[in-house]
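Heads up, the next two complexes both have chain A, just with different partners, chain B and then chain C.
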Partner chain A sequence: MTNLRPETTLPLGPVADEGAAPAGAGAPPAAAAPGPAAARPRAAWRLLLPTMTPWLAVGLVLIGLITLLGVVGPWLVGDPATIRDIGLTGPSGDHWLGTTQTGQDVLAQLAHATRGSLQIGLIVGVLATVLSAFFGIYGAYLGGVADEAFSLLSNVFLVIPGLPLVIVISGFVPRESRGLWTIAVVLALTSWAASARVLRAQTLSVRSRDYVAASRLSGERPWRVIVVEILPNLLPVLASQLVYAIIAAVLGEAGLSFLGLGASNSSTLGTMLFYAQNGFALPLGAWWWFVPPGLVIALLGMGLSLVNFSIDEIIDPRLRNARTARRRTRQAARRDRAAGRRGTGATAPADPAAVPAPAEVIR
Partner chain B sequence: MNYVLRKLAFYAVALWAAVTLNFLIPRLLPGNPVDILLAKLQQRGGTVTPETRKAYATLLGGDTDSPLLEQYAGYLRNLLTGELGTSVTYYPTPVSEVIGTSIAWTIVLVGIATVIAAIVGVVLGGLVGWRPGTWLDSLVPMTTLLAAVPYFWLALVLVYLLSRILGLFPSQGGYDVVLDPGLNGPFLASALEYGFLPALTIVIASVGGWLLGMRNMMVSTLSEDYVLTARAKGLPEGQILRRYAARNAVLPSVAGFAISLGFVVAGSVVTEQVFSYPGIGSKLLAGVTNNDYALMQGVFLFITLAVLGANLVVDLLYGLVDPRTRART
Partner chain C sequence: MTSVHVTNLTKDYALRDGLRRRTLRAVDRVSFDLVPGRTVALVGESGSGKSTIAKLLTRLERPSSGRVDVLLDDRTPVRGSVYRRHVQMVFQDPFASLNPFHTVEHHVARPLRLHGRTHDAAATRARVLEMLERVNLDPAEAIAARRPHELSGGQRQRVAIARALAPGAQVLVADEPVSMLDVSIRLGVLNLLGRLQREDRLAVLYITHDLATARHFSDEILVLYRGRVVERGPADAVILDPHHDYTKLLALAAPDPDRATSLVRTETPDRSGIDNSVCYDHGLGAWVHVDEAEAAAAQAHAPVARAVGA
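Let's look at the complex of A and B:
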């Protein structure tokens, strides 16, 4: 147990300080997969990239596959609107995911719908992150009354339930003027508050550092202090908030479209579920129609959350240390067990390959 | 005391913001309710005269001629007297009555499901976090799949599996319609049977978040000095778990309970649609699809009020549970 302590305190300093390292290090985590060439000693900026873990790999693969489906898929599959006289047939060689009530290919629809959902997820994610960055970072930087006002605003938006508000707003906008961007703006307006709070807390701690004060005293303009001195420290947090915003946007849009309140000119996974529900896919037992869209949403959300776990480890090095500490205790227990079996002292090193599966080792 | 006053002031501001938002939304958005209703009428072959327009405008309570501030004052006055207008969908029932008949369904369903999900999630998360690194712990990232599942899709899948294929539960409605709603045995049993699937949906979809949050807090609490001290004193493991680690680790989950309630209410709005559950969410949607603006606004206001109220209660309780929050700022 005691070996936890030095571990937890050690890397805190360097990681927090290296936060100001080159801004290029904030590249999306998708680019973070360390290739074989990355075996050189860890550069300072590498601390800003997530460590490769099996779950991160799973997340990246999931995101990659779904992005591929949404970006490349629509070129490969046929026209999703083509009507055939084979309504509601199950998966077969011709139609891998079966057909809808009017004989449309579910796979073709899925590819196009995935593209639509990714599109709205990205738009809303970026919009919401920009909004939260403005209210969170700028407010905390200004301090005083502005900070109080911005913070109050985000707290108020946080407690007002988002989806009912979105439903009411969408209900008032006539269907003709309910385009992709209207929905995106409405979703962004109702979902920025939580990350604004997170960003504000982070900014408050960065703002009081010496180099920020020095930069302000030397007469730098506010936007320069924010962009050059403060923002690089917040990049991991921003990345994590962006990922959360994308998940929330995809889910929110799906719910809205499922209720028939989505954008009128777009096809997303939510609209697909809407048509499946209204085409009586459920009573008719057409599982191939309504299972894939939801599964794509869930897997995309899972992939993004898994990536976020790794980003969280950068923000809070304690999590990473907990993981390394766990691995060490496991290895130590493994050694002890192997040593104990040979009847020698507990300190004798042993071959780790000769022990039972780590799953059985508790501590 | 100061803490309580500050919280009350904040929720007063939040309430005012919600009420004002509710007032401004129909007036600032491009669509005019009266126009939409008249267009619908025209499509069905009705003739639109200035009198019809005036009648509709009066019905919707939009005296759009008077200045905005005056309208606002009238709106606030109506709210204070509980006057939310008349529902078009359930004409001539007042909106407050429509809400009154449906609110119990949602509160019982969402309330019980949320409490179950929170308890199950926190207990499981605490146990998993207590022994980090076991095979159970390595499965924790799987819960993100549950957290990312859309509520309504999960509802569809559960209905398909448990209701259509296995025939275990009814898939539509809130109770057997041949029974008399009231506090009698058969009705309550039927409500329980009908509510099982919606509740299961909410529990499954929201338990992952609780589990994950509790597990992470547990892991970081375990590295605290007081846990180390407790271990050094030679206290039994169970006692350390319950009295030292879990007690402190559960605090953020308590705070999260209120915030999550907003999400759960939102999720249940869509879930109710799948099950045709007679709760407040289905009333909101009925209002939206029928262009019943008074009902829409009334329901939205009510949901907001409920969520704000729950938040306030949890915030005040939190001040009692964790004295540190009272001291801060």
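Let's look at the complex of A and C:
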């Protein structure tokens, strides 16, 4: 299967080059999954890694840059709270992203706000994933009354409208005690239910497989059956849910902070937008104040989504097969064109090998 | 050595059909004995209750009524967690019964550790390799490091057999162990099971829908139809001299070169006349009604009537 794909696709653009080389490295897991005669043994975690595609690369680069901004940035920029008498000046050599109404450096604020948003995203993502894993996996494994109770609970949480509830809770908690963790817990409590249902469905499918019965038959204890036999097969789903929860948390927190209901004393992308809104940045045309935080939110969401699409391919190999089929058709077409340009029969022997490749993938 | 006495085993499944509740009796008062060194074959079509009996025997499910007594030589019953050390199972589908995430070594090592057969990593590893060699997986070192998707169906089934024998099982339930395999490797796996049985004097319950392998591989055959035993006796007698209509039907269903017409027969045989309330017992040479068989089995095993349902 792999040797049908010649890696000699020279005259391609940068995007295709990026796609071809890592895909060659990622292909063996795809080929090995159904075939009994895999070339060499592979570590299990290799099977869990997504195939490197241009989109995944873009997503990872975006996330990497934004994380860098949030982690390293705050040390490189000045104090975001310093007030100067140069209110609302546009980007310049001194202040790369200009200043706010009170003369605070927007870049410094952006770095600190990114850190705050990433922090809350991670905390909420992990909390929500742990909650959903517990209620989804444990309930489905136990079955019976426990399963009914757990799925009733997650259904109840599912129909609770998230943001309005968060607004109400945040409104009730007095501002001084409304810390980062309060907001994180509130966001996590309203966002775990959907992934719990996904995990439950997946667990129900995995737990009915023979290897789970076989490990119970070997005398494994229930927690070991869950953690060692079932959980690894759910890792792609869990990873996807984690990424999704992070996106939802960053956006949710930004929404809350924009409404002025965020954590007190915190600095996130949402609070930046809140202050920009309050400082009439839009009517005054101070785009450098509100565009950067908005853009960081959008790019972070995009990066995480792109990563998520790649993880989806592990969960549903049909997506990957469709992509490889598309790429092979493209490559075949390109080879045909190249052969046509040369106008000789020199490349003709390569064509029979290229033709069956797409057909083989389509089931 | 360990033997198993199954007495009037019954399993009801609750079915929900809209608001109505019904029960489906998957297994109805089945009794048989498994003794060391002998193989009992359960033969029947899909849905006849074969696999349910396997699950009940291995305690993956609880019986609705009836007993499974597992006894040591001195007639002490086997209970609790030790039960799994004595009764193990080989599943039908070798592609589903091994966890794709774990290596072959993990699959064989876990039961060894769980049942205290080995206590440290080095001993476990040595034992795993020994087990793999016993099931003709060669080179054992290389196979142990592999994952299920890197093995062929036959190799996987051998791993599953090694896993089942790892705790030191004396009673092996083989639930259609070769039906998912290529015809060319079925005989190899069956012969392996036969060899292991002779070496370890295992008591084997061989579940199959294939009369030919049942005759080749087992000493006694029980024909199961809709949850009840309809014919039982020595393997040759049941195959060569079937009495029950259903057994005859099964025999007809097997392709036979001497009976060329059967290969082109297309209509579904009429089953309306098949009665599963009576069983032909070749040992007695007589027909037995299921109620009589129930009473006889209850009496035969009365002395060891200590509950195992716990």
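Throughout what follows, the second predicted complex is superposed on the first by the 282 of 363 C-alpha atoms of A that agree within 3 Å, B and C clash if a C-alpha of one lies under 4 Å from a C-alpha of the other, contacts with A are read in each partner's own complex, and residues count from 1 in each chain.
Note that in this section contacts are C-beta pairs under 8 Å (C-beta built on N, C-alpha and C of every residue); 3 or more make two chains touch, one makes a residue touch a chain.
These numbers come from a predicted model, not from an experiment.
Colleague: Looking at the overlay, does A:Asn233 come into contact with chain B only (first), chain C only (second), both, or neither?
Modeller: The second partner, chain C, only.
Colleague: Report for A:Arg209: first if it touches chain B alone, second if chain C alone, otherwise both or neither.
Modeller: second
Colleague: Where does A:Ser218 make contact in the superposed view: on chain B (first), on chain C (second), on both, or on neither?
Modeller: second
Colleague: Quick one: classify A:Val145 as touching chain B (first), chain C (second), both or neither.
Modeller: Touch status of A:Val145: no partner.
Colleague: State whether chain B or chain C is in contact with more residues of chain A in the superposed arrangement.
Modeller: Of chain B and chain C, B contacts more residues of chain A.
Colleague: With both complexes overlaid on chain A, does A:Gly260 touch chain B (first), chain C (second), both or neither?
Modeller: first
Colleague: Help me check something: in the complex, which residues belonging to chain A touch chain B?
Modeller: Per the touch definition, chain A meets chain B at residues 1-2, 4-5, 8, 55, 58, 152, 155-156, 158-165, 167-174, 177, 247, 251, 254-255, 258-261, 273, 276-277, 282-283, 285, 287, 290-291, 293-294, 297-302, 304-306, 309, 318-319, 322, 326-327, 329-330, 359, 361-363.
Colleague: Which stretch or stretches of chain C touch chain A in the complex?
Modeller: Residues 58, 60, 81, 84-85, 88-89, 91-93, 96-103, 110-111, 114-115, 145-147, 149-153, 160, 163, 166-167.
Colleague: Would you tell me which residues of chain B are touching chain A in their complex?
Modeller: That would be residues 10-11, 13-14, 17-18, 21-22, 25-26, 29-31, 33, 36, 131-135, 138, 141, 144-145, 147-154, 156-157, 159-160, 164, 171, 216, 219-220, 223, 228, 231, 259, 262-263, 265-267, 269-270, 273-274, 284-285, 287-289, 291, 293, 296-297, 299-300, 303-304, 307-308, 311 of chain B.
Colleague: Would you mind writing out the residues of chain A in touch with chain C in their complex?
Modeller: Interface residues on chain A, with respect to chain C: 32-38, 41-42, 44, 47, 209-211, 213-220, 228-229, 232-233.
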